[in-house]
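What follows is a pair of complexes built around chain A, which joins chain B in one and chain C in the other.
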Partner chain A sequence: MSDTPSAARPQPGMAAGALARVAVLPVDLALRLLDPPMRWLQRVIGVRRMPYVFLLPNFAFFGLFVFLPIGINIVFSVTGGSALFPSERPYVGANQFAYLFDCGSFLDPASCREDHFWRGVANTAKFVVFQVTAMVLFSLITALVLNMKIRGRGFFRAVYFFPVLLSPVVVALIWKWILQRDGLLNAAITTLGGQKILFFVDPSWAMFWAVFVSVWAHMGFYTLILLAGLQAIPADLYEAAEMDATPRWRVLTRITLPLLWPNMIVVIVLALIKGAQTFDEVFVLTGGGPGTATLMVVQYIYETGFASQVQNFGLAAAASVVLGLVLFVLTLLQFAAARRKEI
Partner chain B sequence: MRAVTPVITSLALSLLSATVFGGPAAAETTTLRMAWYSDGNEGEVMADLLKRFHEQNKDIDVVLDQVPYKAVNENLPVQLASGQGPDIARVVDMGGLSRFALDMRPFLKDPGYWESNFGPFLEWMRPAGDTQAIPGFMTQLTVTGPFVNKTLFEQAGVAMPGEKATWEDWAKAVKEVADKVQAPFPLAVDRSGHRFYALAVSQGTKIFGANGEPDVVDEGFKRAAQLVYDWHKSGVMSKELWGSVSGTAYRGANDEFKNAQVVMYLSGSWQIAQFAKTIDNAFDWVAVPNPCGPGGCSSMPGGGALMAFKTTQHPKEVARLMDYLASEPVLAEFCARSLFVPGHLGLAKKGIDYPTASPDAAAALKVFTASAAQVSPLAYRAQGYINSRIIFNAVISRLGQAVSGETTLDDAEKRITADVAQQIAERNKK
Partner chain C sequence: MRLGNLMGQRRNGAGRPLHWTDIAAYAYLALGVVLMFGPVLWLVLSSFKTQSALLEFPPSPLPFAQVEVTVPGQPQKLPLFRTTLPDGSVRELAQVRRVGLLAQMVDPADPSKQYRVAIDKREPVRRVAFATENYTEPLQRFAFMRFLFNSVFVTFVATLITLLINSMAAYALAIYVFPGKQAATLAVIGTLMIPMTIILVPVYLVVTELGLANSLWAVILPGAATPTGVFLLRQYMLTLPKDLIEAARMDKASEWQIYWRIVMPLTLPALAVLAIFSIMWRWNEFLWPLAVLTKTEVYTLQIGLNAFQGELQTQWHYLLAMTVMTLAPVALVFVFLQRFITTGIGSTGMK
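The block that comes next holds the complex of A and B.
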C-alpha cells in the first residue's frame, strides 16, 4: 500500500470535469436567464398548460417549413400563368388537375395529354416494385449474414452501411463513371474479349442500373433496421429449436421471419415512400433517359416547374399534390405498421 | 459572469467604432452583383476587366458570381421574378428574360453609341412591343457550325466534302471515316433545339406561319427531323447524345470530340477557345462552313448578352459599369482574349486581332466570322423570338423520344405542335 493519501494523487477525471463545467457554463447562464420568465408564465397559465409552451417552438418551426409550403403549393396548383407570386397568378380552379388526368387510358401514357407525367408515374411504379423487392430481399439476406457469428462482423456491418453516408449525387456520379461507354465496367468487359455495352442507351439496362444503384446506396440503412429486429428475437427460442434438432430452414421460416415481420413491414413501407420520391440518384445517373424510360414523377415536377422556358409552377404544383397524396397514404400505412409492431 | 462582461463590452465597443469610423466610407461603396457562366476562359478575362474597372471606380465594387450555364437558364428567372436576382447577368435566353430587363437609356453616357453598335441585337433583349430600350450588349456573337477532326479524315484516306456540300454529303463522308478508323461518333450534334435549327433552317423550315405565329412542323422541319431520325437508325449519329437522356436536358459532345471519338461535331463558335486549349497538338481540327440544304446554308446565330435588370437598386452604377464594359477598347480586348466573334458592329467592321489564338483557332474564327455574314434573316428572327426556347425545348424533348424508339416520328411531331401551343398559352395567361 502506498502512503500517499488518495486526495493528493492526480485524478484522471479532474481535467475532464473542469472542461465539462466550462462547457455547460453558457447553458447554465441561459437557464438562469430563462428561469424568472418561465416561473412567471407558469403562474399565469398554470402548470397543466406548460407542456404546450415547450411544444410551441417546434410547432412554429414545423408550421413554417412544412405546413406553409404545403399550403403555398396547393394555392399554386389552382392557379395558372407563369408569374411567380400567387397574387399575380390567375385562379384556374381544378384545370391543372383536369389537364394532368386528361387520358384516353391511364394504362397507356401515350394516350394522355400530359404524357410525360404518366410516363413518370409508370416508371416510378415500376421502379418502386423492383427496388422495394430487391431492397427487402438483399437487406434481409445481409442482415441474416451479419447476425451470424462470423469473423470481421463489425467491419462488414460498417462496409454495408458506408454507402448510406454518401450523397446521392456522389453515388450516381461514381456509378456513372463505372457504367459509361469508357467506364470501368466496359473496360473490364473489353479486357475479357467482350463488346462494350451502352447501358444508358438501352431502356431495360438503364432501369436495371437505376434500381441496382439505389439498392446499393440504401441497403445499409434497411439492413440496420432488420439487424436490430434480429437481435431482439429472444435467444432461448433458438436454443429450444436447437435442442429439438429443428432444421435451419424451419428455424428461419417458423421463428426468425415471423418475429421479424414487424420490422419487415417498416422496411417495406419506408422503402416504398423513399422509392416514390426518387429523383437525385436517377436524374444524375440516367437523366431520365433513354427517351423517358427512367423519368420519375419528381423529375417531371422539377422539369415542369423549373427547367422549361415557361416555368409552369401551376402544373408542377398539381403534380406535387397528387404525389403528396400518394405519399400520405403510404405514410398512414407506415403508422399503422408501427402501431401494430408496438401491439 | 464576470469573465463574460469584458468580452461583451469589447465587442460592443468594436461594433460602435466600426459604425462611427467605418460607416460613412462603407456607405459610399456600391456593390453590384454579376452572374456569369463560362464556356471557355471568358470568366477569367471578365474578372480581370472588373478588377481594372474597380481601380478606376473605387466607389463601385463588382462581385462576379461564376455559375453553371444551367443555373443561368433555370435559377436566374426565378431569382429575378422574386426580386432577388443579380444586378447584371450574362444570359442566352434574352427574349425570355426581357420582361426583367432594365432600360439603361436614362443612365448611359451615350445611348447613340449603343444604338449604332449593338442595334440589331438589342431587339433580342427588348420586351415585346418595345423598340427603344437598351437593356445590355452582346458579349459575343455566336454562330453554329461544325468542327471536323481532320486527322481522322486523313487517316481514313477520305476526302473532306467541299464548301457547298450538303448535309447528306457530310453524313456519307463521316460515316465512311468512322467505319474505317473505328470512331464511335461519326456525326455528333449537341442535344439542343438551337443546334437542330441549324439543320432545319437549311432544310427550308419557315418556323412562323402567315399570321406571324409559330407554325413549327412544316415541310422543311419534317425533312430535318427525318434526317436526324434516319441518321440515328443508320449509325451516323449515336443515340448516346439525343437518345440517352430525357426532356430538355442539354448534352454536348465536347469531351468526345477532344478525345478524337467524333469525326464531325455540330456545335458553335463558342467552343473554339476550349478546343484550342485542350486539344492543342493532339490532332488537327478545323471548322467548316455550315452544310447546305434546300433552304440554303445558314447557321443559327446566338450568343451571350450581358443584361441589366430592373430589380437593381443601383441603375446609375450599373450603367457606368456597362458603359465601361461595352466601350470599344474593352470589348475588343475581351473578345480578343476570349476568342469570341464580337457582337459589336464597329469592331466587326474593323476586325479583331487574336494574338493568343493558335493557327487552328485563328482559322476556325475566320470560318465562323464568314458564316456570321451568311446567317439568314429567318434565323435571326427565330433566335430573337420571345418564345424561341419553348420551340427549341419541345423539339429536343420530343425528337429525343422518337430517336430512342419510344414514339414514332409522326407522334413526336404532333406532340411538338401541341407542346408549343400549350406553353405559349400558359405564358399568355394573365
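The block that comes next holds the complex of A and C.
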C-alpha cells in the first residue's frame, strides 16, 4: 500500500480531465456553500471534534449497511418463520444450522436434507480448486512472458487485462454465444470431423467452462499483481546472473520464483477469497445447471433468500454466516501473507 | 558511458541470438491475442448478422445477408438467387414465390420473363451487410434506454457520493490526531472483510425498512462507503505536506475549507483512481441489484441484459447487439485510460 501515491501519479487523458472538471463544478459550488454551517459547527463543538464530523457520513453508511446487517444476519440465522422484520420472527436457536448440517454423510450431498446447499458447497470447493490452480499457473506464465524484453509489451498487457473490466453478464454472454449448440466452437469441432458437443448439458463440460470463463475474465488482474512483483526484483541480481552466464532455467528457479513467492501467496489467497464467492459469471453462463452441476453457494443463498417462491431468509442467513466464517479464515490468511510480504 | 552502451547493446539484443524461450513467448502472446480478443471480436461481428444469418451452421465469419432487389411490377423486394437454368447457363434471378420444390423466378433486368426452376438449382446471392437494425430495433421495442439511463444514473450518483464521503473519512484519518482514530482505522479494515455476498438478506431488510425497495437508491446507497476508497485516499493524503495545512489554519481557514479547498485538489490523482474503480464497480454490479430490484422500470443494464437472455433465447440478434452496447462504454474508457488503470490496479492490488 505504501507505494500508492507514486502509482497514482500518472494523469488520465485530457478529455477525461475536462469532463471531470465539468462534473465537479456544481459539486464544488454546493460544497463551498456548506462552509458557513461547517464553520458554525466548528465554533460550537471546537476544532478537536471536527474529525468526527468528517468521519460521520462514511461511518453512518458503514453502520447502516455493514455493521447493523452483520448483527441482523446473526439474528436472522437463529430465528425462523417467513417474516422479514426480526422482532416478528420466532427464536429457533441453532435449528437453521442444524437443518443445514443435517446430513447422512457429508461426502454425499444427496444424503442431506438441504441437498442444494451441500451441492453448492461441493461445487464451489471443486470450482475453487480448479480455478485457483489454473489462475495461478496462467497468470504466472503470462506475467513471466510479459516481463521479458519483448516488443509491444504495453499492448500485450492490455490484451490480457481488458476482460477484467467487462461485466460478468457480458463475459458470460460472449462465451455462451461461442459455446452454444450451433456456436463457433462446435463449428470448429465439426469442421475438424468431430461431433457437436452440448457443453451445457454435460455436467463436467459445464464445470470446465465455468472455470475456463472465470479464469479468462480475471486472469489479467492477477497477472498485474505478479507483474508488479516481478518488476520489483532488483535488476542487479539478473545482471550478476548474466555475468556468470547462468542458464535461464536456473535464473527462473533460483532468483525469480523465490523472490516472487510473497506475491504468489497474495494471488493465491485473493483468488481463494474471490473464488469462494463466485456467482455472477457462472449464474449467467449455466444458470447453475445442468441440474445442480454448477450451483455455487452464493447462488444457493440468493435463491433461498430472494428468488424462490417461499423466501427463506433464516436459512439464507445461516448459509451466509457459514460462508462468512470461511471467508474470515481466508482473510486472516491474507493478512498473514501480507505481513510476511512486508518482512 | 561505454559500459552503458555495452549493456544496452546486450539488452536490446542486436547481437543476441534468439533464444527458444523468446520464440515460445511470442507464440504464447499470439495465442493470447486470439483467445482474449477473438471472443469479443466474434461477438461484435455476430451482432451485425441478420436473424437468419445467425441460424446458419457452420457460421460465416463476416455478416452476410442475401441481396434483395426491387423488380418492376412486384410489390415487395425479392431475394436474389444465382440460378442454374435447364440449358446450363447461370443467371442471377429474383424469386417471386416458391411452390413446393419449384420456385418461380424472374429476371430483374427483364421482368416479363419468368422461369420455373427446382429449388436445388439455385443458390442465394449474398454480400457483406451489416444488420444495423439489431441495434436500432431494441431501442424501440424494449426498455433498453430506460436500463441505460438507470445504469448511468446509478454509476454517476454513486461515484459522486463515494468520492465525497470516502475522502471526508480519509481526510479525518490522515490529517488529524484524535481519540478513537485507531479504532476507526481498524473498523475500516474490518469492513474490508465483509463482502456484500454474506450480508445480502439483512441489507435487504435495512433497505426495505428505509422505504427504498425497488428504487435506484437501493442500489446506490449500500455500497457507497467503500473501505477500499478510504484506504486508498488516506494513503495518498498522508504524503501531503503538513505545513500547508498549518499555514491555512494561520490564515483562519476553517477545517472544511482546508478539506475542500486545499487537501482535495492535491488528492486529485488518487481521487481519479477511485473514480475509475467506482465507475467500474457500479457499471458491472450484478448480485445486489439482482436481489433488490424486481420491477422492470428500475432494472440496470446488467439486470436487464440478464432478463433478456432468459426471455430472448431465440432472438440472439437483439441480445448480441445489446451486449455490445453494454460493453462499448467500458471498452471506450479502457482505450483512453488503459495505462492509468493498469498501473493503478497493479500497484494497489485492488479491483
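Keep in mind that, in the parts below, the second predicted complex is superposed on the first by the 280 of 343 C-alpha atoms of A that agree within 3 Å, B and C clash if a C-alpha of one lies under 4 Å from a C-alpha of the other, contacts with A are read in each partner's own complex, and residues count from 1 in each chain.
By definition in this document, contacts are C-beta pairs under 8 Å (C-beta built on N, C-alpha and C of every residue); 3 or more make two chains touch, one makes a residue touch a chain.
Every value quoted in this text rests on a predicted model; they were computed, and no experiment measured them.
Of the two partner chains, chain B is the only one touched by A:P290; chain C is not. Of the two partners, chain B and chain C, it is C that touches more residues of chain A. When the two complexes are overlaid on their common chain A, residue A:F208 makes contact with neither chain B nor chain C.
Judged by the touch definition given at the top, the superposed model places A:L198 against chain B, while chain C stays out of reach. In the superposition on chain A, contact of A:G80 is made with chain B only, not with chain C. With both structures placed on the common chain, the touch criterion links A:F306 to chain B and to chain C. Contact with chain C, but none with chain B, is seen for A:F328 once the two complexes are overlaid on the shared chain. In the superposition on chain A, A:V145 contacts chain C only, with no contact to chain B. With both structures placed on the common chain, the touch criterion links A:F97 to neither chain B nor chain C.
Overlaid on A, the two complexes show chain B and chain C touching the same residues of chain A, namely 84-85, 306. Interface residues of chain B, counted against chain A in their complex, comprise 1, 4, 73-75, 77-78, 81-82, 93, 96, 184, 238-240, 243-249, 251, 387, 389-390, 393, 400-401, 403-407, 411, 415, 418, 423-424, 426-427, 429-430.
In the complex of the two chains, the chain A residues touching chain B come out as 29, 80-85, 90, 92, 110, 113, 115-116, 181, 198, 200-201, 203, 286-295, 299, 303, 306-312, 314-315. Chain C meets chain A in the complex at residues 7, 10-13, 19, 21-22, 25-26, 28-29, 32-33, 35-37, 39-40, 42-43, 46, 55, 57-59, 156, 160, 164-166, 168-169, 171-173, 175-176, 178, 180-181, 184, 187-188, 191, 193-195, 197-206, 208-209, 221-225, 227, 230-232, 235-236, 239, 254-257, 259-260, 269-270, 272-273, 275-276, 280, 283-284, 286-287, 290-291, 302, 305-306, 309, 316, 319-320, 323, 326-327, 330-331, 333-334, 336-349, 351.
Only residues 1-13, 15-16, 20, 23, 27, 31-32, 34-35, 38-39, 42, 47-52, 54-55, 57-59, 61-62, 64-66, 68-73, 76, 84-86, 141-142, 145, 148-150, 154, 156-170, 173-178, 182-184, 186-187, 190-191, 216, 221, 224-225, 227-228, 239, 242, 248, 266, 270, 277, 279-280, 284, 298, 301-302, 305-306, 313, 316-317, 320-321, 323-324, 327-328, 331 of chain A touch chain C when the two sit together in their complex.
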